[in-house]
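To start, the structure itself, in C-alpha cells.
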Amino acid sequence: MTVTDVSTGRSARPASDTLQLATIGAGRIGSNHAEIVARHVPGATLAAISDPVPGAAERLATALDVPLATTDVAEVLDRADIDGVLITAPARAHTDLVVAAATAGKHVFVEKPMAVTLEDADLAIAAAEEAGIVLQVGFNRRFAPGFAAARAAIDERKVGAPQLLRSLTRDPGPFTADPSRIPQWTIFLETLIHDFDTVCWLNPGATPVRVHATADALVRPDAKADGHLDTAVVTIRFDNGAIATTEASFSALYGYDVRAEVFGSEGMVTAGNGRRTDMTYYGADGIQADTARRDTELLRAAYTAELRAFTDAICNQSPVPVTGHDARRALSIALAAIRSIKTASAVDIAEVTK
Amino acid sequence: MTVTDVSTGRSARPASDTLQLATIGAGRIGSNHAEIVARHVPGATLAAISDPVPGAAERLATALDVPLATTDVAEVLDRADIDGVLITAPARAHTDLVVAAATAGKHVFVEKPMAVTLEDADLAIAAAEEAGIVLQVGFNRRFAPGFAAARAAIDERKVGAPQLLRSLTRDPGPFTADPSRIPQWTIFLETLIHDFDTVCWLNPGATPVRVHATADALVRPDAKADGHLDTAVVTIRFDNGAIATTEASFSALYGYDVRAEVFGSEGMVTAGNGRRTDMTYYGADGIQADTARRDTELLRAAYTAELRAFTDAICNQSPVPVTGHDARRALSIALAAIRSIKTASAVDIAEVTK
Amino acid sequence: MTVTDVSTGRSARPASDTLQLATIGAGRIGSNHAEIVARHVPGATLAAISDPVPGAAERLATALDVPLATTDVAEVLDRADIDGVLITAPARAHTDLVVAAATAGKHVFVEKPMAVTLEDADLAIAAAEEAGIVLQVGFNRRFAPGFAAARAAIDERKVGAPQLLRSLTRDPGPFTADPSRIPQWTIFLETLIHDFDTVCWLNPGATPVRVHATADALVRPDAKADGHLDTAVVTIRFDNGAIATTEASFSALYGYDVRAEVFGSEGMVTAGNGRRTDMTYYGADGIQADTARRDTELLRAAYTAELRAFTDAICNQSPVPVTGHDARRALSIALAAIRSIKTASAVDIAEVTK
Amino acid sequence: MTVTDVSTGRSARPASDTLQLATIGAGRIGSNHAEIVARHVPGATLAAISDPVPGAAERLATALDVPLATTDVAEVLDRADIDGVLITAPARAHTDLVVAAATAGKHVFVEKPMAVTLEDADLAIAAAEEAGIVLQVGFNRRFAPGFAAARAAIDERKVGAPQLLRSLTRDPGPFTADPSRIPQWTIFLETLIHDFDTVCWLNPGATPVRVHATADALVRPDAKADGHLDTAVVTIRFDNGAIATTEASFSALYGYDVRAEVFGSEGMVTAGNGRRTDMTYYGADGIQADTARRDTELLRAAYTAELRAFTDAICNQSPVPVTGHDARRALSIALAAIRSIKTASAVDIAEVTK
C-alpha cells in the first residue's frame, strides 16, 4: 500500500489512497485525537485503537466505528496495512513506543514529551531516521491560529529582532488531581515543555543557552514535601540576546490559559486570549465573557491542524512541522530548569546536554 | 435504506448507517458545503453533485472523491439511495428544487432564501410537510458560536425582555461584481434576510409587526438608475415592543462583518467581532489585528454546525433548527421592507402577508 | 476688563487676565461643571453661582470657595466683572437665560438643549449674534477622546464617504425616576439630541433631510398611557445618501453606554466601549470588566475639554466648537422625530423647519 | 501658615488655606508636575520653581504664572511660606535634596528613585522622620486607574493568594538618546524600580526575598561595551511563595507600554492596555487602534492623582500612599538585580541589605 520514495527515504502514496492510522492510548487526549482522525482529517482513516486497559479501546472503537480494538499494541504494529500511529500513552512510555513503531515501519505522531531523557530522545530520533518514517511531536501551540499568525508576523519581519518573549500555560482549575500520582518534574517535562518549544519556535534561528527556574507548590502546599511542584517560572536566555520567560500553573480558576508574546526591535505580537466565543455580556456586574475550560475546546483547531499536517507530511512529503530535534531542544531546556531548581542557580544548557 | 417512523412522519435510520447526501449547485457556497459534508460531518457521505454548468460538478466531485457528478438534477433525485440534498443553486431556483426534492422523498437543506414570494414559501413548506421530510434553511448566524452563546444568554434570562436589537451584514470589499447582474432587491431578499431571521431568533416568542426601510446605491452610485441598491437600513417593530435595526452593505473594505446586539431590561449581549484570529500586532502605527475576508472563513464553524444539525435532524429526529416557517417569516419582513422602499413609508407586515 | 475686537465682534482679553465665569443652575450637572471650572480650567475662575432653590448655590459655593452665591440670576448678570455664564438650569429655561445673558453681554455656555422650539433657537442665536458673544452648546460627545479621534480619522479621509452611521445613548439603570415628572418628548429633546448632533458632526458637510422614529415605554410600560417614552430608535437620512440610526434607552442595567460607529467607503471607526478602567478580572465566572455608571465619570474628560474650549474661544478667539446653529440642526431632527411618532410615518425635516 | 499637630508630628493646616508648593527641577517631568500642581490640584498653588540651568525655571514660571523662578534651590528652601517641594531633579541628586528640604521643614514629593544606595535611602527616611514631614515617592503606577482597580480587586480577595505576578515598563521608541550619557544600571534603578514597587504593592503583606536578573544591550548593541543595558528581565521570589517577573526595554516602537498581571488562587487581574483612546479603526489593513506615545499622556491621570494625594496627606493627614520605606524596598530589589547581573547568579536580597 506504500512505495518507497528513494530520494527522500520517505514513503509516497497515491493521492486517491486513504491513509490507515491507529491510536495507541485511548485516554483523554487519545480519544480526542482518535475522534479528529476518524472524522476530520481528509485522506486518513482510523483503522485501529490499542490501550492496555481492558475495555478502553473497545469503547472508543465502538463510538467511532473503528474496526480493530485491542489491549495489545503489538497487534497494531504487526498489521501491514497500518501506515502510521498516534502515540498518546502516558509520557514515560513514549520513547519505547516511538522506537517500536518506527522499527515496525510506521509513521509516528507522538504526544509531548517525546522523551524525558536526552538519551531516550536520541534513541527515538535515530529509530525514526533509520526507518525513514515521519516523526512528528505534539507541540500544538504552533497550530493554534493566533500563534501561527504571530509566527507569520515574525517571519514577515514585522516584529524585527525578538528581544523579549513570553509563553505561559495554566491548566484550568480547580485542581482536583491527586498530587502523589503526578510524576515529579511534570510541570517542566509535560506542561512547560510546550512553552519551551513555543519560545524557541517564535525566536527562529536562535539557540537557547542558559536557564533559570523558580518553582513551588502553591496550589497544593501540602504536597510540597513529596516534591510536587505546581507553579513555575523559567527564564531562558538565547544566543541572539533574547530573553524569554515561561510560566505555568496547575490551577487557573478562570479556565485554560495559553498565551504568548514576542517583543522585538520593530514591534510586538501577542497570541491567545482565553475567550471561548466572541459573545460579550453586559449586566449589572459589568462586562463578562466566557473562557475556555478545556484544552480540547481552546485548542480544537490546533489539534485538528496538527493531525492534518501529519497526514500531509506522510502523503505529500510536506516538511514535518515539529521534529524529534525540536522535541529534544525543548527537553534540554526542561532538564536545565530541573537542574536549576535542584541547585538554586542559573544553569547553562550545555551542562545538561554534554 | 430508510424506514418510516410512523409516529413522527420522518424517516428513522440505524445509527451505524451512513447518510447519503447530494449537493445541487456546485458554485462557491455549494463547493463549501460539499467539502464540509464530504469531510467534516460524521455519519454523512457526499454521494452525488449536480450542476447544470458543464464540468462544474465533475471538477468538484473529483476533488472530493464523490462517485456521481451530473448536469441533470433529476439523475440525483431519481437515485433511491440518496437520502437528502443540499440546495445551493441560485436563489430564484430554490423553491422549485425544494418541491422537486421533497416530492422525490429527499430531506432538504436549502440555502437562504428558501423562496422570494410568500406563495412559493407556502408551496415549499406544504411539499415538505406532505412528504414528511426534514426541511432546513441556511440561516447560518444561528450556528456561529458567538451568536449561539448570545441566544443561550437570552434563554437564561440574563438579558431580560429584549428591547433594542441590532443585526448587520456587510459583505467584504472592494465590491467587484457587475451590479447589472445582481437581481433587484437582492440586498433584502438575499443579504438582510439573514439579519431578519437573526433579530426574530434573538427575540424569542415575539412577532415582527411593522417595518421601515431606507436604502441607496452608495457603493455603486452609477448603478442606481437601474434599481441597484447596495446599502440599506431596516427598522423592525415587534409585538413585544422591541425595536430592531438591521443593516447591510455590499462593500466593507475591512472585511466580512457580521454582528448582533441585543439590549434588554437586564443587560446586553453582543456577538461577532470580525477578527480572524486572536493575534494582535503592535507596531509603529499602533495596534493592529486581522479581519476575516470571506464568509467561508468567518462562518466556518457555523456552516459545519448547521450541516451536522441537518444530519442529526434526519438521523436522530432532533428538532429541525431552522424551519420553512422561519424562512417564511424572514421573507415577510423582506417583502415589507421592499414595499417600504417603494412607498417611502412604514409598512405593516400584515399588508404583505394577507 | 474686556476690550472689543472690532474685526470679529468678539471681545479680546489680555492672556494674563483670568476669565470670571458664573454657573446658573447648581443641580447635578451644574455642580459638575462648577467644580471643573473652579479647579480644572486654566485661565478661568468661578466667581458666582446662582440657583433659585434656597441654599443650593450657597452649599456649592462653600465647597468650591466661590465668593458669590445667590438665588437671583439677575444678581449675576448685573455684575460687570462676570465675563461669561454656564447655563445648567432645567431645559425649558435655557432659551430665556441665553437671551438674558447675551443681552447682558455675557458669553454663554448652555447645556443641551439650547431650545425646544425652532423659534426659541432662532431667538437665542439672534441674541448671541447681536451681542457679539461666544455661544457654545453642551454637546459633550464631540470632546470625548474616542469620539474626537473618530472625527479626526474621518477628516483624514480614512473612512471615505460616510454611508452608515450609528450613535446611541443609554442612561444607566435601574431607572428610578418618577416618569410623571419627566416632560413628554424628553427622550428626543434631551437624550437623543446628543446623538442627533453626533451623527451630523460625524458626517461633515452633509445635511439631514428625512427622519423615521419608533418609540415606546418599555422600561416603565405603566407610564405609557401618560405619554412617557423611554426607548427610541430614530433613522436619519442625509443628503449625501448616508443613513444614520440613533438609539436611546432610559435604563441600561450595566451602566452608562455612549457609543458611535461610522462606516464608509474606505473603512469604519467606532468610539466608546463603556469600560471604567483598563483593568480586567478573570475569575470562576469568566472574564469581567467594570463599566462606568455615571456620565460625569464616563465623560469626565469630555466635560473638562468642552469647558476649556469655551474659555479658549473667549480668550483666544478660537472657533466656537459647538454653535447655536449646530443646536438648531439637532433640534430640527428631534422635532421631525416627534412628528414621526405622532404621524406613524417618515417625516421630511423640511416639514418642521419651514 | 502651618501649625504642628503634636499627635502625628505632621503639620496641620486650615482647609481654607492654599498649600504653597515649589518644584525643584524644571526638566521634562518637572514641567509636567508643575503644570499639574499649578492647574489641577485643588488646594495647592505653585509658588516657586528652581532649576540650576539658566532660564529653565523662568520659562516654566512664565508659562504657568508662577511668581518665583530661581537657579538657586536654597532660595526656595529658605522661603517660610513654602510648605512643600516636588523634587524632580536628576536621580543622583534626589537624596541630598530630600534631606535639605526635610531639614528646612518642607514636605517632600520626590520622583523615583528616592536614592540609589541603601545608605542614602536611610538618610532620606531619617531626615523626613526627624522633621515630621510628609515624604512621598513617585511610584505613579499605583495611581493609574487600571492598576488601582487591580489592587482593589486583590484587596477584595477576588484574586486569592497571589502566585504569579508580572509588571513591565517599555519606554516608547525609537530610542534616540545617547547611551553614553545614561548612567550605568539605569534600567534597574530608574526604570524597573517602578515594576519592583508594583509587584510588591500588588502582593500585599509579602516580602521579596530573592532575585535573578538577565539583561543586555539589544536596542543599542554597540553601547554594550560601555556597560549600557537597555533590556532586562528580573525574577523576584516572595516569602509567600509568589514569583514575579518584571521586564523593561528602552525602545518599544509601538509606544509607551506599562502593564501588570496578578494571578492567584482565585483568579487573575490585568491592568494596562497601551491604548490612547477607545476609538478603533477598521480599514483595508484590518483593525487598528492608537497607542499612547508619552508617559505624560498614558499616565496623566496617575500623575494628577499622586500629586492630589500628596496635597491631601499634608492638608488632611491622610496616610502617605508611597513611603520612603516603599522606596527602600524597591531599591533593595534593584541592588540585588544589579548584583545578580554582576555575579551571573541568583541573589538573596538579604545579601545586599545586611
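A, B, C and D label the chains in the order they appear, each numbered from 1.
Here is the rule we go by: contacts are C-beta pairs under 8 Å (C-beta built on N, C-alpha and C of every residue); 3 or more make two chains touch, one makes a residue touch a chain.
Everything quoted here is computed from the prediction, not taken from an experiment.
Any chain that touches chain C and also touches chain D is listed here: A, B. Equivalent interface to B-C within the set C-D, A-D or A-B: A-D (over half of contact pairs identical by residue number). Chain pair with the larger contact count among B-D and A-D is A-D, by C-beta pairs in contact.
Computed from the mean C-alpha positions, the centre of chain A lies at a distance of 38 Å from the centre of chain B.
The centroid of the Cα atoms in chain B and the matching centroid in chain D are 57 Å apart.
Distance between chain centres (mean CA atoms), chain A to chain D: 42 Å.
The set of chain B residues that touch two or more partner chains comprises 252-254, 257, 266-268, 275-276, 282-284, 290.
Within the complex formed with chain C, the residues of chain A that make contact are 252-255, 257, 274-276, 282-291.
Those residues of chain C lying in contact with chain D across their complex are 16, 38-40, 42, 65, 145-150, 153, 158, 266-273, 275-284, 290. Chain contact summary for the complex, chain C toward chain B: residues 160-161, 163-164, 170, 212, 214, 216, 218-219, 221, 231-233, 235, 237, 241-243, 245, 247, 249, 251-254, 257, 263, 265-268, 344-346.
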